[in-house]
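Report on the structure given below.
Order as written gives the chain letters A, B, C, D, E and F; numbering starts at 1 within each chain.
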Amino acid sequence: MLVQNLAILVLAGFVGFAVISKVPNTLHTPLMSGTNAIHGIVLLGALIVLGLGATGALDQILLVIAIAFGTINVVGGFLVTDRMLGMFKAKKEPEE
Amino acid sequence: MAETQNIAVGVPRESAPGERRVALVPKVVGRLRAAGLDVVVEPGAGGGALMSDWLYEEAGATLGDPWACEIVVKVAAPTPDEIHRLKPGTVLIGFLGTDVEALSTADVHGFAMEAIPRISRAQSMDALSSQSSVAGYLAALLGAQHLTRFYPMLTTAAGTVPPAKVLVLGAGVAGLQALATARRLGAQTTGYDVRPEVAEQVRSVGAKWLDLGIEAIGEGGYARALTDEERAEQVRRLNEAVIGYDVVITTAQVPGRKAPVLVTGDSVTAMRAGSVVVDLAGESGGNCELSVPGEAVVRHDVTIVAPLNLPAGMPEHASELYARNVQALLELLVDQGKLRLDFSDEIVAAACVTRKES
Amino acid sequence: MSWLQDPATIQCLYIVAFALFIYGLMGLTGPRTAVRGNLIAAVGMAIAVLATALTPGMGNWWLILLGIALGTAVGVPAARKVKMTAMPQMVALFNGVGGGAVALVAWVEFRQSNGFTGEPLYVSIATLFAAVVGSVSFWGSNVAFGKLQEILPGRPITVGRMQQPLNLLLVLITLFCGVAVVAGGTSELLMIGLLVASALLGVAVVLPIGGADMPVVISLLNAFTGLSAAATGIALNNTALIVAGMIVGASGSILTNLMAKAMNRSIPAIVAGGFGGDGTTASASGGPTDKTVRRTSASDAAIQMSYARQVVVVPGYGMAVAQAQHAVREMAKELEAKGVNVYYAIHPVAGRMPGHMNVLLAEADVPYEQLKEMDEINGEFARTDVALVIGANDVTNPAAHTDPGSPIYGMPILNVNESRSVIVLKRGMSHGFAGVDNELYYDPRTSMLFGDAKKSVSQVVEELRAL
Amino acid sequence: MAETQNIAVGVPRESAPGERRVALVPKVVGRLRAAGLDVVVEPGAGGGALMSDWLYEEAGATLGDPWACEIVVKVAAPTPDEIHRLKPGTVLIGFLGTDVEALSTADVHGFAMEAIPRISRAQSMDALSSQSSVAGYLAALLGAQHLTRFYPMLTTAAGTVPPAKVLVLGAGVAGLQALATARRLGAQTTGYDVRPEVAEQVRSVGAKWLDLGIEAIGEGGYARALTDEERAEQVRRLNEAVIGYDVVITTAQVPGRKAPVLVTGDSVTAMRAGSVVVDLAGESGGNCELSVPGEAVVRHDVTIVAPLNLPAGMPEHASELYARNVQALLELLVDQGKLRLDFSDEIVAAACVTRKES
Amino acid sequence: MSWLQDPATIQCLYIVAFALFIYGLMGLTGPRTAVRGNLIAAVGMAIAVLATALTPGMGNWWLILLGIALGTAVGVPAARKVKMTAMPQMVALFNGVGGGAVALVAWVEFRQSNGFTGEPLYVSIATLFAAVVGSVSFWGSNVAFGKLQEILPGRPITVGRMQQPLNLLLVLITLFCGVAVVAGGTSELLMIGLLVASALLGVAVVLPIGGADMPVVISLLNAFTGLSAAATGIALNNTALIVAGMIVGASGSILTNLMAKAMNRSIPAIVAGGFGGDGTTASASGGPTDKTVRRTSASDAAIQMSYARQVVVVPGYGMAVAQAQHAVREMAKELEAKGVNVYYAIHPVAGRMPGHMNVLLAEADVPYEQLKEMDEINGEFARTDVALVIGANDVTNPAAHTDPGSPIYGMPILNVNESRSVIVLKRGMSHGFAGVDNELYYDPRTSMLFGDAKKSVSQVVEELRAL
Amino acid sequence: MLVQNLAILVLAGFVGFAVISKVPNTLHTPLMSGTNAIHGIVLLGALIVLGLGATGALDQILLVIAIAFGTINVVGGFLVTDRMLGMFKAKKEPEE
């Protein structure tokens, strides 16, 4: 199980590496923001731990915060990225 | 004395007024010597082109009487006087013109440079092309010199002057060269010709094509003469087109005929004051109605220049190119230092306008 | 419903989710596909969350919904309302909370498993790694946010020569707590010690870094958060977390590197700055004034122009010196191919002789119709998206209008500063013929592309072609 | 009759021989009219530039006696006759020359175009620059016209001619323009000047820089005169350098002095036959020892051209640029249709060479 | 030794191996890193084999060694001795045996497990998939080899209108056998039937494809073999096989696509040809002769020139028509930056007026020193790696020397055919001014880059920049 | 196990896709040859099946052939690729 996960880890690393090879500077910030949204996936971790039965009050509070954090990361991340990318959509509408 | 057995090429001093060219230049003399020919140069022959006698001597020529040589090379057609000085059987090379009666009575082999066929193999002997290049280049400069305005666009602290518009009528060798030269100087160029296939060539020197919708494709790559209606129509449409241009350079020729009139007096009246017409067809009557061949006149505030023998205006290089053409022809006529006229050769046959009775 | 809750189904959904992440990320690397790419990644995220919700035995629904509701309530308005100029700090904040979530989950895991008793070694190591990195990322990002939002001062804040020993101490405490836990320690104090020490570390490292370097730091922390998510994934044996986290970790590292390069900074120098080393802070080169200029890069200039409706090229003596006319013409052609209107604004005294620009541009075969005289073009600048000033200086200097003491006062100029943005190509900050400073360069709408004009323009051409 | 209150600008016909320019052109007349000035043009004033009287009338000028106007604009300095026709208190604008005695006795305000300071604000009035541009352009063409060879390289069926090498001595406004124009035509260009900072400017028009290692930086962007040793050394080194060039264009001037001799007779002898020297400093004595100002002579098979008043060779645009310069100056002198001489203005003060005693 | 044989160790070695594959493959995509990339991948392979050898319980060592020895004895000399021109068929052969190995392994697995009794469903499906694809790949590759090696005729071989029904039949048989096995059939006849039917399918599909399309077919089969390896990996639960196979499958597909595009062919058209559809076969456009010309692409021209020591540009009337002079100059600059000597060979009558080329090249600012007259450059061609003929035709036509009947006989020409290779840029096969055919274009050392000269040269410039 | 393998499969596909995005034509053939060598990894399959105890004579013969095939694929593939790439090394040695 662990080694398989390791294989996946390595492959994912290569994917990340190969995909981001040459990106124009202007896209650096949106891209950072986009990947930032993707690591909002940590939300899943919080969901699982809470969903599968964390019980103590402190634990639950902590996990609710974690879920809230994760949600902010995901939702805010994608929205902000979309807004940043708005400038690429704006092009030449008046003309066409 | 093996050398005395070589046949000799004589280079007379050109006698035509204003003819500054010479049929051979020192550089080419050297090559002919290397090919086993003697060269006899009349003293002062290169004077018009600012090439002194000692340059010829240095190249291996001897100074002396060129008319006694087996081969005599000239630029312009010989005068009757000169024809008298030719020995019978002499090979005479030059622009011999259409009047070859006198020559044939003198019993010489006359090879006319303008009669060399325009086939690929003969391109190195094509003096019409080489001299037209010179003429086209100088025509563009002449336009610039007589124009009261700049060719190029210039944005200065004292305002912007727009680029001159140059129209070239007749896009043969000279016309294309004129277009290219004017464009280099910054003018906006347009070309026109009756042969529609020239449009691509005009564009290939960065010029626009003026399409009047009249075509006249003749034989051998030359234009044919237009019918009367066609001519009338052409002149009418040109009259309209010409008005917008600062410089009009005309090069339209039809071999063996009077040059067509392309720019009428009316057109000139309608042109902007200070504009220029450069008429390269001056020798065959001119493409502009108001041209005075050999002069620059101002009519209706437009300068009309109709130079005769424009290539003579750049004598050194014009002579050099011409001499190379002559050299290439000589290589065809002479074999190992001996004259060998092979009239079965297409070029030799076509170029020979008079032939010694044998 | 049963097959839906089959672990295989959930795993397959995870695979679909990360495939969408990757596909979306590929889209994000090109300006044309970026918007769609972001959407695709978002869909992937939705699928991942749904798949998790399907996990058999899930409970605590009310709490989960509470958390999600809270997050949405905070995140959506924040993302919607933030000003475009405040985007970088918003990203920092979002990144921070992500790291915070990781750290919290790790803490709870510690508590739930009673200090990892009975868990395999790799679980404890991965979880602790996630805790440390998440905590550093959370606090570091918050400091970065504070600096950019100007809650904290933007200049480097250090404790002087004590910086390095302090950092070292924090690292050692973190390590000690971690090792103790791995070795079997179950006291929660160890875990809290680890979280606190790494939190302090995050603060201590980011505080000494100057505001100009912040974007790079945020990107670095972003990559860290990704790695911590991957570690959580390993601990929880969750493929989606592993893949998504690792992709962010890897691409984030590359991205950080690219960003640092584009800003002419090296990551070690920046981080060294954070560790109290001698990483010099980025600042405008030359110019004795304390005004700052904004640098830009060839690729940014290219993108900016390719999305413009109208670009006006303002050539000057520098274009002549660099003999850049052919490259300029080429650039214009590329832009025209993209549907951009290009004009050339020819100032009467640009260059060093009357008609200097005409000669050069004609040589490069620029159509006469595109050359515009000053009077003609000055009205156009207000409708111009980008004015590209190539080696011109005096002829664009607003001092000619505004400063009666200036030697160029009274000279008519090209009003490039009326256009939406100005990009100036020159080698450095030196003066033009008149020898006076040019206020234009400090205008917030102006950015400078330093370097020989021919080289710069050629780079822009390349970038345009790559778009 | 509000119009009669406007002050009037008079445009005489230029009397200097060969002067084809005119101080105002119709286009500028229109602008002055719009600015509230009357313009009186002497009949035939634009004749030399091929601009007819009715063009002026169309632009709003009246034909009449220009000398009666409050402001008289000229190109060349007025002759004594003309000075007599000036009313006291008239504002006279033109290239007034160094001899202003006569003017000051005539009690007029004389504004010399050549005295306008070369500061940024005055660039639109800088007639020296605008006329130098014309001269530089024409100098390059003059070289091409007199050279017995091509400027551009040409590979033809009759052989290849190499590009001409053009050297420009003195890279001021005219020199740079000459370099740029010659290069456009395909020549290989090289520039030289005593002011070393000009090297970058020479390269910026695509020319090479000839470095002789002699510097002479004077005031206000002009060159200073060289010391005797410097001059000797310069001439020696130039003698060597000049030999390899087909065309040498000289523009070296030092304000208010005889032009320095840069091309000696020896250099000319050593140049290749057929080469050309174009000497733009003819008016101030010439940069070439063998120059005959105003003529084209052939010496040692080298053509030496020393034109006087070259800008007059392109009268329309030269006049147009000059007129724009004059217009800019008038805008400074006239306020809302009234003369208002503000001698505290740097430009007004410097340009005014004689002042009516008031 | 014990920890070495730990499955975890072996798995880790596999991970290292495939990481090296990927890294190596990245290297293979750039000319500078390709050689090293190939080596790295080979090291990865060695590690994978070693790791497998470590698997606990390995036996049959002698047989294994026998197989390896056999393979080495055949493979090494074959690879060493093959002529450069025969490379493509060698690749086909190697690919084929790979597919063969997969098919054989699948067959043995079937036999060993007694028709997959007791194996999970996915094992049987994956194995059968591997068997079919491996078999198709083996036989298809062998046919491709035969065609390229000219053992089989290169032209398409079909059974006429029966082609489609035949192929369909073979597909159905294959499917039937496969489904039967999955459904529980254990008769070995089913397996043999499946192998035979897919073998015939491989032959039947490749035979009708013309020789010109072979490289694309080989690449496609290569991708297939990769997929079959991945399937084997799934069946055997072997990470290295899965990753390596899948990478080849994916990259092979992309590569096939790229190759087809570069040859102006579409994969569906090619395969349709194999299935008896109307995919027209690639042939030289124009020209009534049956002589063929070799096409090339801008990127190949770019690579070829960038690795040359000397390139001679031969401009002609076509360059003038296309007004390509600026692009040509740019290209020369790129080449010079790469250390290539560039000259321009100016024929006396190139173009349509004396000095035509001079005017244009001067406009583009080509230094006079690089322009060479005919006499000067003709001696150089023998020392020239690439002669780049841009829109010139008559002036390079060897008929001027060899064919007394030709209208250009006796005209001196540029001896471009003496240079190591010739690239001709023109729009099609039409004639020049003299209206005669040019033998040069059919020379085996000549390749044609069709298209407008300006566009072609600009593409070459782009490719040069991308190198 | 299977799903994990599927994850690996998908990731590997992305890697293959991302790595071969834009390759100059001249490298197509070497690249094809290089990937060809890599799928020689099937050798491992044959090794495992034979090594872990295939017994019947036919099976053993088949597997020996399979190993031989795989070896040819691997060894020949890498060698041929290396030779093809030789031309990229040849550049400009005479000058430097």
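Operating definition for what follows: a residue touches a chain if its C-beta (ideal position, glycine included) is under 8 Å from a C-beta of that chain, and two chains touch if they have at least 3 such contacts.
Here is each chain with its UniProt name: A, B, D, F = proton-translocating NAD(P)(+) transhydrogenase; C, E = NAD(P) transhydrogenase subunit beta.
Being a predicted model, the structure only gives us computed values, none of them experimental.
Asks: Return the chains common to the contact lists of subunit B and subunit F.
Replies: C, E
Asks: Among the chains, which is located farthest from subunit D on the basis of C-alpha centroids?
Replies: Computed centres place F farthest from subunit D.
Asks: Does the subunit C and subunit E pair touch with the same residues on each side or with different residues, judged by whether over half of the numbers are shared?
Replies: Mostly the same residues.
Asks: Name the chain whose C-alpha centroid is most distant from the C-alpha centroid of subunit C.
Replies: Taking each chain's C-alpha mean as its centre, the farthest from subunit C is B.
Asks: Going by the touch criterion at the top, tell me which pair is linked by more C-beta contacts: B-D or D-E.
Replies: By the number of C-beta pairs in contact, the winner is B-D.
Asks: Round to the nearest whole Å and give the separation of the Cα centres of subunit B and subunit C.
Replies: Averaging C-alpha atoms per chain gives centres 68 Å apart.
Asks: In angstrom, rounded to a whole number, how far apart do the mean CA points of subunit A and subunit B lie?
Replies: 78
Asks: Let me have the rounded angstrom distance from the C-alpha centre of subunit B over to the C-alpha centre of subunit E, please.
Replies: For subunit B versus subunit E, the centre distance works out to 56 Å.
Asks: Taking the mean of the CA coordinates per chain, how far is subunit A from subunit C in Å?
Replies: Taking the average C-alpha coordinate of subunit A and of subunit C, the gap between them is 16 Å.
Asks: Tell me, which residues of subunit D touch at least two other chains?
Replies: 123-124, 129-130, 133, 152, 154, 156-159, 184, 186, 206
Asks: Pull out every residue in subunit C that's touching 2 or more other chains.
Replies: Touching at least two other chains: 18, 22, 26, 239, 243, 348-349, 354-355, 359, 362-363, 365.
Asks: Tell me, which residues of subunit F touch at least two other chains?
Replies: 1-2, 4-5, 7-8, 11-12, 14-15, 18-19 - these are the residues of subunit F that touch more than one other chain.
Asks: Let me know each pair of chains that touch one another.
Replies: A-C, A-E, A-F, B-C, B-D, B-E, C-D, C-E, C-F, D-E, E-F
Asks: For the complex, which residues does subunit C have touching subunit A?
Replies: Touch residues, subunit C against subunit A: 18, 21-22, 24-26, 28-32, 34-35, 37-39, 41-42, 45, 48-49, 52-53, 55, 57-61, 63-64, 66-68, 70-72, 74-76, 78-80, 82, 84, 87-88, 90-91, 93-95, 97-98, 100-102, 104-105, 107-109, 111-112, 120, 122, 134, 215, 218-219, 222, 225-226, 228-230, 232-234, 236-252, 254-255, 258-259, 262, 297, 299-300, 302-304, 307, 309, 339, 463, 466-467.
Asks: Under the stated contact criterion, what part of subunit C meets subunit F in this complex?
Replies: Of all residues in subunit C, those touching subunit F are 7-8, 11-12, 14-15, 18-19, 22, 26, 239, 243.
Asks: Could you please specify the touching residues of subunit D with respect to subunit B in the complex?
Replies: Within the complex, subunit D touches subunit B at residues 20, 49-52, 55, 123-124, 126-127, 129-130, 133-134, 137-138, 141, 144-145, 147-150, 152, 154, 156-159, 161, 181, 184-186, 273-274, 298, 301, 303, 313-317, 320-322, 324-325, 328.
Asks: Applying the document's contact rule, which stretches of subunit A touch subunit E when the two form their complex?
Replies: Residue list for subunit A touching subunit E: 2-4, 6-7, 10-11, 14, 18.
Asks: Spell out the part of subunit B that touches subunit C in their complex, as residue ranges.
Replies: 152-160, 162-163, 186, 188, 206
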